[in-house]
Amino acid sequence: MTSALQTAGLCRNFGALAVTQNVDFVLPVGARQALIGPNGAGKTTFINLLTGLLQPSAGRIRLGGEDITALAPEMRVRRGLVRTFQINTLFPALTPLEAVTLARLEQRGASRRWLGALSGQRAAIDEAYDLLERIGLGADALQETRSLPYGKQRLLEIALALACEPRVLLLDEPAAGVPARESAELFEVIARLPRDLSILFIEHDMELVFRFAERITVLVAGAVLTEGTPAEIASDPQVRQVYLGSAGHG
Amino acid sequence: MLLSLANILFNGVAYGMLLFLIAVGLSVTMGLMGFANLAHGAFAMLGGYVTATLMAKAGWPFFATLPAAFVLVALASLVLERALYRRLYRAGELDQVLLTIGVVFMAVAGATFVWGPSQAPIRVPAYLTGTVAIGPFDWGVYRLFLIAMGALVTLALIVGLERTRFGAMIRAAVDNPRMATGLGINVDRVFSITFMLGSGLAGLGGALGVNLIGLDPSFPIKYLVYFLIVVAVGGLGSIKGSLIAAIVLGVCDVAGKYYLPDTGAFIIYVIMVSLLLWRPLGLFGRR
Amino acid sequence: MTMTATTDRTLPDPADRRAAAHAFIAGQARWRWPEAVFWLVAAASLVIFPHSLVLAAQVLIAGLFALSLDLILGLGGIVSLGHAAFFGLGAYTAGLLAAHGWNEPLTGLVAAGLVAGLVGFATSFIVVRLKGIALLMVTMGVALLLHEVAQKAHAITGGDDGLQGISMAPILGLFSFDLYGRTAFIYTLAVVFACFLVARRLYNSPFGLALKGMRENGRRVPAIGGSIRRHSALIYTIAAVMAGIAGGLLAQTTEFVSVEVLGFQRSAEVLIMLVLGGAGLLYGGFVGAAVFLVARQILSGIDQTYWFFWLGLMLVLVVLFARNGLLGGAKALLARWRRA
């Protein structure tokens, strides 16, 4: 099994506090993997390290065959390592069409053309529109983002990520704050994504995790506790004790 | 040569102390609330005018006017903080810059209207003028006095911050406002009081400065850059940083004017820009 | 722009919706009638205010300067307290060229833009690394540095007394500058309009969209593969060129330059004009410049001190009550009226 994304000995300290401890992690190509763990386990920190928002104190990160530990966040995106944010991180005054078009322009290396008309970028606009249509935002493409209902904004988060042509997609609680029924729909969208795309997602709702993940990694206090199939994780006494037993997440 | 070097150091340190007195309040309040207050120099100017007016019109002795300058400016700053600044703590930097530039312009116009456009005259007591000979050199008495005042205030600030309960609250709030709030510290109140104290110090500095750097309505604009340099180079919220930055700035300014009179303030700006490139958060800044 | 959006929901056919998407993007760049009115009025100044053409030209130049600041502030989100650096560089380039015999206006302007642009490009690498107070101090510091240099190089620049001996050749060898400022006004209007067209094109270009994205949410830009530093460096350079041209225009039309063009006051004033008019709207700088300069003409005629007071008060009121400036306020009113 080849790895899409891999870390070796990844550490991150905030002062004396170790929030990521010696994490060796492998995301296989085509994975549908969940990252779970109690609040404060360092899940988002781990994603921030992978995407370059934080620099690790020690350890390496490899994307495909390439060491990306020192790359700037945008360069990692260009190489296909793309994320979404737990809290909506969108462009409130832009329309979804504009936002996704912008992401397409960045991928095409056309975002610094300043003497040509935006309307001349027909291919980028078409791609953006098609993507929105595919993900179910076609009818909302021309609304200001801030006027969209919350669930649709969550979809737009994913659309923006997909516009970056990801090979590896990191979803930080994609359904955070969405009502239960809608969050299942959101995960249906994610489940329909192409199989060659490798996906790692953080999710608190165990029902969703066990329904959509093929493998699960459990993070506790910044270190990997265990990893396995949903069945293995569900029956792991350590997990039951440390996480499922004591957690009580809503 | 040796003589002039000692002289320059001495004059530079005295000037730096003055800059420190005026700017330290700005540093602490900017560190505390992240509020870019470009009108800080207006407080210093007001302090200067309080002293000049009380001496000329009411016949107060110089030393009696100093506490008055401190208190009156502190009160005036409280009014300003309540009426205007408070609304913009969570606003962007641009809004803060614009609002406080507006306040500067109004202060300049107000000062011109009340006190006239020319230099405010001041006569400090005779025993503070002239020079004394200590060792091989002559020392300007007023500058010695300034350095002593600066040292006194620094000491008071350090003791106040390190040893008192309120000082601990300020330090906690500068360090991490959210955590401080969590610990039950009323950050808003702490800030109000700190702002008053800082402005009061600026007023005191302004009062002490009249005899050294003069006073006219353009004061808040003329010296704005200097105060900001002290704050930016020293690092927001750092008393030690402000003190060092102010003294280095004072010495460089005096030395530049003496050795390289043709380049003027040029050197200061070069040093400032390169320092900020090297350390964008200033010498002792942490955020 | 929301009008197309609301009708779009009723389009059931994706093909129609796709066409609507393209129409939406194209529609944002379309000229609207208030724009035509604005430039017609500007041109009509020639007939309406024949005795105030000098002031009118000043407004246009200040407006262009403010527009260049709008590019970095309103679009790029970079707060600069030293934008006069580029205005002054342009003014001195054009002025010095003319004072030393190169008095052909158009090439002089090109040189002004180039010099300012080069310095802008060089400093952009510094500027994009900073934020907060360090950014304010460094932008201000660079301008102060240049101001200091110009002041001390009295033999070359004339310092506070100003650069002597500027006289311009006729434009294109045909139109001489006249005493009433007619030629100067027409020349200024033409150059300013040309620069405006470039800025407007930029506003509606792919890069314009990237900048709007940066302004809306800078943190997200790297996450979609964009480089904030490279975007910022480019817009900073373009804005520097435009500010340089504005400065060059001032030097050529007034045949005078003094160190004041580099001063802090000028940096502060252009910021005020832009915010007064409304940042990020393309026309805000012109509106702000017109109101500011006309108000100064009237108020400082009474007393310089009063002008400073009113200026300060104006700033405080704009910040507290009219965050989007006069133009932003007018737009909001118009939108409310349309909805009602």
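Labels for the chains are A, B and C, by order of writing; each one numbers its residues from 1.
In the analysis below, contacts are C-beta pairs under 8 Å (C-beta built on N, C-alpha and C of every residue); 3 or more make two chains touch, one makes a residue touch a chain.
Just so it is clear, the model here is predicted, and its values are computed rather than measured.
K.L.:
Work out the mean Cα position per chain and let me know which chain is farthest from subunit B.
P.N.:
Using the mean of the C-alpha atoms as each chain's centre, the farthest one from subunit B is A.
K.L.:
If you average the C-alpha positions per chain, which one ends up nearest the average over all of them?
P.N.:
Answer by centroid distance: C.
K.L.:
For subunit A versus subunit B, what separation do you get between their C-alpha means, in angstrom?
P.N.:
Inter-chain centre distance comes to 49 Å.
K.L.:
I'd like to verify one number: the distance from the centre of subunit A to the centre of subunit C, where each centre is the average of its C-alpha atoms, in whole angstrom.
P.N.:
Computed value for the inter-centroid distance: 41 Å.
K.L.:
Nearest whole angstrom, what separates the Cα centre of subunit B from the Cα centre of subunit C?
P.N.:
A distance of 34 Å separates the two centres.
K.L.:
Give the residues of subunit A that touch two or more other chains, as numbers and ranges in rising order.
P.N.:
none
K.L.:
Could you pull out which subunit B residues touch subunit C in their complex?
P.N.:
Listed in rising order, the residues of subunit B that touch subunit C are 30, 36, 84, 87-88, 93-95, 97-99, 101-110, 112-113, 117, 221, 225, 228-229, 231-232, 236, 262-266, 269-270, 272-273, 276-277, 280-282.
K.L.:
Along subunit C, where are the residues that touch subunit A in the complex?
P.N.:
Against subunit A, subunit C makes touches at 2, 4-5, 8-9, 14, 17-18, 20-22, 24-26, 28-29, 198, 201-202, 204-210, 212-213, 216-217, 219-227, 230-231, 234, 238.
K.L.:
Within their complex, state which residues of subunit C touch subunit B.
P.N.:
Within the complex, subunit C contacts subunit B at residues 73, 79, 81, 126, 129-134, 136-138, 140-142, 144-145, 148-149, 151-152, 264, 268, 271-272, 275, 305-309, 311-316, 318-320, 323.
K.L.:
Over in the complex, which subunit A residues touch subunit C? Could you list them?
P.N.:
So the residues of subunit A touching subunit C come out as 51, 72-74, 77-78, 82-83, 85, 89-95, 97-99, 101-103, 105-107, 110-119, 121-122, 124-126, 129-130, 133, 138-139, 141-144, 160-161, 163-164.
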